[in-house]
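Just below is one structure, and these are the notes that go with it.
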Amino acid sequence: MSSTTDPRMAETAPKKRAFHPSMLLYDQRYRSITIQIFALFLLMLGAAWLIDNVINNLRLLGRSFSFNFLWQSAGYDINQRPIEYNSQMTHGRAALVGFLNTIILAIMGCALATVLGVLAGVLRLSKNWIVSRLVTVYVEIFRNIPTLIWILIFGAVMAESMPAPSAFRGDDPSASMIFDAIAITNRGVYVPAILFTTELGVLPLGPISPSLNWVLILAVLVAGVFANKYIIAHATRVQNATGLRPKTWWKSLLVLFGPVVVIFLALGAHLEYPELRGFNFAGGTHLRNSLLAMWLGLGIYTGAFIAEIVRGGILAISKGQTEAAFALGLQPGKTMRLVILPQALRVIIPPLISQYLNLTKNTSLGLAVGYMDLRSTLGGITINQTGRELEGMLLLMAVYLAISLTISGLMNVYNARVKLKER
Amino acid sequence: MTEIQLDPGIDRKIDTSAMKVTDEVAIQITGMNKWYGSFHVLRDINMTVNRGERIVICGPSGSGKSTLIRCINRLEEHQAGQIIVDGTELSGDLKNIDKVRSEVGMVFQHFNLFPHLTILENCTLAPIWVRKVPKREAEETAMHFLEKVKIPEQANKFPGQLSGGQQQRVAIARSLCMKPRIMLFDEPTSALDPEMIKEVLDTMIALAEEGMTMLCVTHEMGFAQAVANRVIFMDQGQIVEQNEPREFFNNPQSDRTKLFLSQILGH
Amino acid sequence: MTEIQLDPGIDRKIDTSAMKVTDEVAIQITGMNKWYGSFHVLRDINMTVNRGERIVICGPSGSGKSTLIRCINRLEEHQAGQIIVDGTELSGDLKNIDKVRSEVGMVFQHFNLFPHLTILENCTLAPIWVRKVPKREAEETAMHFLEKVKIPEQANKFPGQLSGGQQQRVAIARSLCMKPRIMLFDEPTSALDPEMIKEVLDTMIALAEEGMTMLCVTHEMGFAQAVANRVIFMDQGQIVEQNEPREFFNNPQSDRTKLFLSQILGH
Amino acid sequence: QTTLETILDRGELICGSNTGQAGFGAPDANGVWQGFDVGFCRALGAAVLNDPNAVTFVPLTSQTRFSALASGEVDVLARNTTWTFVRDVDLNLTFVGTNYYDGQGFMVTRDLGVSSALELDGATVCIETGTTTELNLADYFRVNNMSYEPVPVDTAAEAQQQYLAGACDVYTTDVSALASSRAAFASPDAHAILPEVISKEPLGPVVRHGDDQWGDIVQWTLFALIAAEELGVTSANLEELKAGSNNPEINRLLGVEGGFGEMLGLDNEWAARAIAAVGNYGELFASTIGDQTPIGLARGLNAQWTQGGLLYAPPFR
Amino acid sequence: MSDTHAQTVAYVRNEMLAPSDPPLREAGAVKWLRENLFSGALNTILTLASLLVIWYALAAIGPWLLNSVWSAGSLAECRAILDGTSGACFSVITDRWHQLLFGFYPPQHYWRPVLALALLFAALAPVLFPALPRKLMIFTAVYPFIGYHLLWGGSVWFPVSVALGFVAGYLAYVLLARVSTLIAVFGAILAPVFWWAFAAGAFDQTMSSILPLGLEFVRSDRFGGFLISLIIGISGISLSLPIGILLALGRQSDMVFLKSVCVVVIEFIRGVPLITLLFTASLLLNYFLPPGTTFDLILRVIIMVTLFASAYMAEVIRGGLAALPKGQYEAADALGLNYWKAQRLIIMPQALKISIPGIVNTFIGLFKDTTLVVFIGLLDPIGLSNAIRADTNWNGIYWELFIFIAALFFIFCFGMSRYSMYLERRLKTDHK
């Protein structure tokens, strides 16, 4: 018996199946089209309804839909101005200032959260009973209480418990500056600022024109990082050739910081100390209460989440990996660097980034302590003074969305790159 | 007692020419005791392993087999007694530990390959960072051992892309790359599918044929009969019986051993 | 060519009285082709299965065995040709698909029991929700089939509490509860430990003894010899050879078949 | 549906109020709203719904008030809101009048030793965002070539908190609000309101643009309270006057003649009810923010025109 | 025994050793201290530093907390009682206790929210305890309407007319299911929409005029305190679960259009801060509704919060779905279960079980996020703390209020997370 065709086949010869409307309901291939058309129909209906309502409402309110207000004079002042701004400038410019403030806060917050989180995550795994308990308390307390409350608490701590600038005055002041350089007051913290005797001018970059001095320093720093990469690569080459890895830490330090120090000296960098003048300290850099409250509130709160992520990431790397490395004779330090960290980072980084995203979105709570971020400028005062809530809110959402999508886009690229290869 | 059948996998003739037991002591364990908390897991272990010996350790689950061999490269700390490996006594001294670990290779039940490194990188990592061997040379050695375990063509893949048997062979190659003088195996085949067990046992036999000193926790009795020169039976943290394999299987002395053998060979 | 040994498991006398092949066509596949993307996985398959036939499909890995039987209950869609199961042609028509699926039972390699339901619930789910059988009745049927596969006492446990062999028998019982007229098996024993294979094969033999039409992808050649009335050998998506078992094993025609048989029976 | 119909359907007037400004609008310990602006809404409630308590107060911050009004969340906004061109014209709101003539001032602690706003160069100033205050402030310091550090806050309560904690040297807002805040302080005397008044802040009730009928009702309820004071109608003599008096304007006001209420779409008693609910303008002022209250505001500009003030209700004719 | 030397290899132990106690330094408190606190220089430093931190924290807060005043009518009174010593004035809590819990909800109606909460547990019981009879699920389904009526009051016919929409959907499904499940699903979507758009209002009005039944109406602005956090949190989470499931299924589906709509919705909502959505609810929603419609701010907030949580929920559930082996789908198919039956009986029960930690985390996050409603003027606990502070009596009190609010949130959130851990463990064991 072999695989021949069967005579009975003729009876059941394929009939051509013509399209029949009922196939829209019962046929696998057409059914999904039906469903999608139905969904499209519902969606269009909903969208049409919404758009129609918006048009009607705008007409009834006698409003137009226009972003012209962005080019009108803002009229209000902003206390924290990373770029040149005064009340005569436009709402658009005010929004830009707010945006930069949002970014500044987000970056500072992420940095603090990361440092705290990594530290706490590692300490929580420590064998030291009391330390791990203490860190657990930190993590649980911060994770389970709303961030807004933390922000308010930090705001209140700053405003209520610190001495007023006037307490620094007089012959026998009740408060004094730390190292004569840092003043902690109920209006924020004043720290020395770095000034240059030689100003190289500004880099003309449209609305944001950074000082050339800082651009130069940044450039040198970046160059240093690249040079350091080269040094490490060189060390690896030497190791590959001879088996011995040359010591690089002093070279790295030199390359990373040497040129920067040189530039600082060349430009005549000096510190400007805050000084009590009139009502307030003048000079130096003023870290306002609002910034500090947001920074501490968001940073410490998010740090608690990151601690859990870091802990989980390290625990996710099975004990077997450490044992295998030990059994091969790798010392604990090298085991950490060559075996555990590269693997743990893959586990840690995606949730870490989504924490960064959350933190960035939470900067919009700045309103609670009067931090002039994008939401407070564009989404707050501008909307209020111009009455353009529809346009303002849409713009605001668009900007946040853009930030979020950028961050998560970067994360996807990272994920794709480090994905473990499997069968 | 039924006559034990060899594992069907071990069908080729085994070349015992290099499998000579010398007089030189490789591992010397004296009066060793270990506790986990207050649980006495290893009790008064005394044992000498000469260079070239191939020892199989068996015993019921929880009897302390793994713990014993993990003490030998100090993955576990013992609390009393003495372990001397290749003349180096294991104590808290970190230098001694490093020295012993780089002389003793270990293969785990679950392979424990590093998933973020390629097969080749897995094999060269320790030679480069511990033995300070130039990379080129380390790679040559690695390829040599990968050929020996018959998977040179997988060198640039990642562990996740290999089958279990292949992974275990890589794990063996990785240990061999450190040119250890002693190899420890902790149930190297028990996480594998039957077809793959053969691949791994073959590799281990080849190793034995070259005269490697081996301690192997395993329940592959075919392997024990064919390769081991001594079988140690443990129970409740103690060495209950040891003997050369033929005697051990056909003429067990202690009741516990009999019971154990009837269980693993009976069905 | 060595004489094939039966699997040690199949030692009892097999009662072939009900194992009669009728003339009625159960499955008819004509000129069927299937592609995954541009990969031509099944090429011009023609095959007729009569009611009562017990067909074993074998072939090297990747030859399309699973894909073929998955096409029969439309877990995969075919792109050309015709599959008629019990008089119903499989096309996009959902009603036909539903009909065929409730007539054809399938047992998977990895059992695919529903871990959140008890054994009994696993078995009654489809009768209750697809066949609309009252619960009481469905449970009676389920117990009947659980008895048949010899695990009625496990009815209220969860799949996670059963051994692999028991799970696979539950999977078979679950399929049977739908009173299918055809059963498909996709390597039902290959994820099992040797002891458990026997349990499952016994169950399948019992099923065959009752005259069930069966298509079974398996490499258990003992089973094929004892139970199948036809063995189909596939390679590269094509049916290369088919024959009755004794002839197939002892007198394979094609070179590929010979090679394949030497591999699976040789070692 | 007109606003009036909506309110009648609902049986309730929704009034946008301050989030809490003692004397002007704040809930007391029982959650009952009290104050000058609140009183106006109660009068309106009495006029329209015949029940001064059929008013729901929605606390609105400076920032949210106009959106809430525009979106219909409140029927009327009575919350120290300054009548400005942009708000009236560009935001499509209608200011129906002024119930309090005010100006922006500065409050400092006495121990700061400041006696004029011109000495405030470099000071830290607490301001509520979304107000005319912050715009005036920017202009004032700019014109006088001074610098300042704004501390933006959302509500008066927050501003007070910051100010009292010393997180700002100066608190600036409408003088009336400053006075009300100061009255709530533990030691009011430690704080001084500087003499400079840097802006005009005519505060008044606001409605949405476009519903003139509702605008008229709100407007004339306000005028009714003011006119009542001018005409000597008080909650005390109201019943008596409602019986009829020989002053025809009073009669028209109280609905005894003229049928004015019906012209508004209400009944003729509307104004009488409003006055009965909270008293006339003077009584409302005196009982909530006047000099007998902790707030202690003098009538000043808010005296009747006959008394040298600016209050001037158009004639009921 | 002596050497078991290779040459004299045979060895038998004839009597087994009994286990003995570990050497002294391996046990007891000494060992514990040595291992856990002072096992090295670094560890010792850490231990001392921790002790220092604890000491400072206790020294700073301890006396203040211990010396607290619980009965005083105002801050001034409290300060007088304290008489210059440092101490907490928790009397503000006792004074405003009801307000912090219920906001300005009419005191004579406090029983209503309390009853609603009690019934909530009854409604949750069949979900949490699978052992209870399934029939109780009916009560769970009806609960939202009962809860609404208890809290807000007004005519009973309003919640009834809304509920009838769902009944209409169900009936449409049952009737049309005979024709085709697909049409039935369409019907189940369209029927309630039509009912609500055209018939519900009239039904409500006629029934109310025929048979005016109902509790006294309580306006939304009377709601406040933890009541509002709970209402928003609980309704947000329970409504977002089904929507999240649908979004997750949509995102998993192979229908390109449906999938992209779901992706856009999820990514959009996750990409913007909740606060912008809340502002949309309070400022912009009216732009999107027919002119003249306004509805309750709390309901609007609930809608936005639900949308927000749904997007997160969808991602959590997607994770659960992805964790299910493909074999489960195939087995369901092979048994002849259709898509919805397979989802309901096989896929969702497992996917949800896997997702429990994620769901609970979303819930905790959502509950904490309810504090953001303070920005749109709702009197949640934080909003109330501002209101309390605005009162002359309590002007200037912070810490006590913050501590109280924080403690309540902590108890709730911590409790939830512990419960989810317990649940996880329990669900794991009922398999083994």
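Of note:
Letters A, B, C, D and E mark the chains as written, and numbering starts fresh at 1 in each.
What we mean here is this: contacts are C-beta pairs under 8 Å (C-beta built on N, C-alpha and C of every residue); 3 or more make two chains touch, one makes a residue touch a chain.
Because the structure is a prediction, the values reported are computed rather than measured.
Steps from chain D to chain E, minimised over paths through touching chains, total 1. To overlay chain B on chain C by their CA atoms, one rotates by 165 degrees, a value rounded to a multiple of 5. Chain nearest the geometric middle of the protein is E, using mean C-alpha positions. Looking at contact counts per chain pair, the maximum sits at A-E. With centres defined as mean CA coordinates, chain E is found 47 Å away from chain C.
Rounded to whole angstrom, the centroid-to-centroid distance between chain A and chain D, based on C-alpha atoms, equals 44 Å.
Among the residues of chain E, those touching two or more other chains are numbered 283-284, 286-287.
Residue positions 94 of chain C are each in touch with at least two other chains. Counting partners per residue, chain A has 26, 31, 60, 160, 367-368, 389 as the residues that reach two or more other chains. Those residues of chain E that touch chain D in the shared complex are 76, 99, 104, 219, 221-222, 282-287, 292, 294, 297, 376-377, 379, 386-387, 389-393, 395-396.
Remark: chain A residues 25-26, 31-32, 34-36, 38-40, 42-43, 50, 53-54, 56-58, 60, 123, 126-131, 134, 140-141, 143-149, 152-153, 156, 160, 361-362, 364-365, 367-368, 375, 379, 389-390, 393, 396-397, 400-401, 404-405, 408 touch chain E in the complex.
Per the touch definition, chain E reaches chain C in the complex via residues 325, 327-328, 330-331, 333-338, 341, 345-346, 349-350, 353, 430-432. Interface residues of chain B facing chain A in the complex, by the touch rule stated above, are 73, 75, 98, 101-102, 104-106, 108, 110, 112-116, 125-126, 128-137, 157-158, 160-162, 171, 174-175, 178. By the touch criterion given at the top, residues 25, 28, 30, 46-48, 77, 82, 84, 89, 91-95, 97, 230, 232, 239, 241-244 of chain C touch chain A in their complex.
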